[in-house]
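There's a structure below that I have some questions on.
Chain IDs A, B and C follow the sequence of writing; residue 1 opens each chain.
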């Protein structure tokens, strides 16, 4: 029977090791569902775990819609795995709040940030600011753009990019913010289509193509460009004069989370000066006053286009349907 | 059916050698196959007989020597001559028959003609004739897997004959058949050869087969030809102990020359000399070889003293093993001698091979 | 005697459990989901699917891409097999090893590789744009064309290996007989070799077709950005489209459609091959060699060029992309570095976790598959139970059916706890899927090895007094060692870099290394994804070499 020793041993070992995560989870690993960048959120996890030994962070990362879908499936099955949610879809958070699925929690550090970033009594928070704005390739575009309308400029025909609202929460927020604005509306997007706009899956891809010059201008998330610009890519962005679109990327604790203490510790960390400084290092705009902004911020004054959450909530399906109609049927 | 023999063609091998990675498999083989003759190359497995056949066919290139078919040189490495198999006028029957499973019998047999661009009508006529010759009439449209082993064998034969080859090469074609079928096929093969006048080079390890079929037998071992002679000569007067043993001789009892007409057993001092044919000028030690039928068992005292060790009933006769001094010999006889019975052993016309006979 | 008979059938228990649990039950649940709504039988899902013009367009895309890939990969595979196995192509021994290289690259990485070469930001287009000072790419790889290109170049080894194996089985005497009948070597190849190898060619083409139809990774990477969907990616998108009512049901209905097409093709192949029972085995002796004559150096150069461009170039592109520091900057020494590798290896703990998951999953799945495969082979050959073909079908089904469909079926089956077992969102559900998927791969070498083992060997042990289990343990299994190792390797290597199943089944902490690379790419972190992809390819190549060393010979691929 000695010939059986090794294979059986291997199998038992493997199965034992596979079960290990289960035991780890039982001992206080906080589960975070997020659409944050994999490498950035891992950096935060590293920093956080260093400052809070004894708490481990388990991360499930995918596109916003995917994460929402997974969560909804879990809600349906009555077995939510997540402790923390952090995604670029504020309307979804509102829904969850309505269904009483979010825990209220406002750490002392949060009191120093502007009140408008604490949503619904602290059920979810904005811990750093991301904007959707106009980016451009510095080698191809000599004149610095100034407005969203530059995306519809015929000089850039066929060289305009944007992300898909079906995959990217930022893109969906942009859609939902510009459409109800009288200065833009569906007409703006129709003009974009006429100008040959190319829709990519994610902002990352849009940024990449902006860098190589396949796109000359794009509607894209700001920190991607600051990242690449810092590494030497020929890209830059502006704050449009009409205003940049704030992309809410709230974070909240799930009601009935299995690891509430750990979850709260993470939120405290994000609001802390150390956490905020890490954000700045990563290229994000902080929420706490008194912390210097990231390198590479545009020179213009930052105007913020108001986002009508109520409108988006009410017209979610219609927004998707009309977008599909405009961009996906040939 | 009358078939003109394929010209006055012969096959000649001159000092043919074949080395595989430096190891010689065939050494200095010189052999002539006259037109219309049936020559069998006989030997144990691994002796090089198949390699020799494949060199004649063109599937192996000789390392040295020359091969001529029908007077034309087809292989001569020294002169950088090599004619590929398809350009030699040969017909080959393989041990596994190699009948193509995706073609009908008629298509198989007609293939050599198709390759030579014989028009369909003539082709069909010839195929019909060949099928008749090999007793396969009516099976033309069948597929090989629908035929028995013996029938497939005949398809292979008919196909080999189709192109009117200068020589027919057969590589142990009957070894996959059962005993009775083998007997039948032997008779048929001989009949077909005589009718068609084909020249045949036949490789086998079965000495009975070689003796039955061939006009001339070439006995081979270790890549060397030991004897080339008509069957009766090989049978009655094998050239050396190896050929003798292969042809069924036993004994190989050490003896030494006692005179021009006899030898004395080395291990049995005091026994009278045994009468046998002594090669001219032979002297000194050697071995005595004889077939079981040449061993006569008589009453004790009539010949060398011996004792029956075992007896096997073979129907028409008995097979004995008899102990004579330190030796044990095989003998046959009609008398039902009991085991352990004393007998007198006489050898009738044994063969003597002096030790100087180059063979071992 | 009943006790003995029962003991003989004991292996049936674990086999039946796994097959029922991992194959039958999920298949039924899938069918149920497709054919019901709110727990009531309904044809609404099918109606929606069949009435939607999008479905037909996607089906058309799937067939279009699969047929083109089959034609091109088939032509390549057959030609190369003939050149390498039957001619005097220069360097053919070297080519034998190199030509199967693309097979070792996980398909989605193959797609990534071509993206790096021909993609919008790829080297070719960058060079072109720099040359012409324009910003229009020369080649657009997204869409059907790119998908066909990538799939052809990574699937031709399937056809190549199948045909090469078929050529090896042709009795050389059949070809020599033709030569002795007066046919030139090329005539022989045409009249004798080709017809005899036709069944292998058909088998190879079918395998390529099924593989192309089932593929997820390549159409995901090269199709999504151009909104070009095939059935597998459409099902994936539907699964994730939670805003759509009854999306899982619709995905199930689409899966049934895909499974139907695949099943039809498989049945067709089985039926067509059944009539061609050419007894081909027993090929002993050297295969004849066809001289290429004057074309010889050209052929050699052509094949070498093909290997360099088809296999070497994309892998080089992956490496170069992995070494690139920033996009948009010209390719130069100052833009190259190991930064991305640094991030992937040292700043993303998820990568190590994913690697660990993949290794453990692959090893466990392979071990389970080999044990089950042994039990199955034994049941089929020694115990000779009835319903052998039914078993065979159950084992082959999860392998022949597209991976996306299998994953969906398993998700649906285990969404709620079964017998108190909670599998969803754990790593175990991935293990179940892997076992179901790769069992067929492991069964083949084990079954083949068992047929070559004469029952008399076990019977001798029984006659010496050993019980059945003892005889198996002491005689059968040790003698099957190399077959078991081959089976283990055959299952473990693809499981290691698998994507199609795990992309649907993974959950927090349970990523596989394939999912990791895919997610990084989808996120737009192309450079990081390339670094991870390079590492995966290196591991895959290394695992393959190790496997060859352990098993002694490249395992044959066949369904």
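Assume a contact is a pair of C-beta atoms (placed from the backbone, for glycine too) under 8 Å apart; a residue touches a chain by one contact, two chains touch by 3 or more.
If you're wondering where the values come from, they're calculated on a predicted model, not measured in any experiment.
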item	value
Chain whose average C-alpha position is farthest from subunit C's own	B
Per-chain CA centroid nearest to the all-protein CA mean	C
Whole-Å separation of chain centres (CA-atom averages), subunit A against subunit C	35
Whole-Å gap separating subunit A and subunit B, where each centre is the average of the chain's CA atoms	89
Intercentroid distance (Cα basis), subunit C paired with subunit B, Å	55
Complex interface listing, subunit C residues touching subunit A	120-121, 125-126, 129, 135, 137, 224-225, 227, 240-243, 325-329, 335, 343, 347-350, 356-357, 360-361, 363-364, 367-368, 370-371, 415-416, 424-428, 431, 473, 477-478, 481, 507-510, 519-520, 522-526, 528
Subunit B residues touching subunit C - in the complex, by the definition given at the top	57-59, 84-87, 90-92, 94-96, 98-102, 111-112, 115-116, 145, 156, 159-160, 162-163, 169
Contact footprint of subunit B on subunit C as seen in their complex	171, 173-174, 176-185, 187, 191-192, 195-196, 277-279, 282
In the complex with subunit C, residue positions of subunit A that touch it	1, 3-4, 7, 10-11, 14-15, 17-18, 21-22, 25, 29, 31-33, 37-39, 42-43, 45-46, 58-63, 65-66, 68-69, 72-74, 77, 79, 81-82, 137, 139-140, 159, 200-214, 216, 224, 228, 231-235, 317, 320, 328
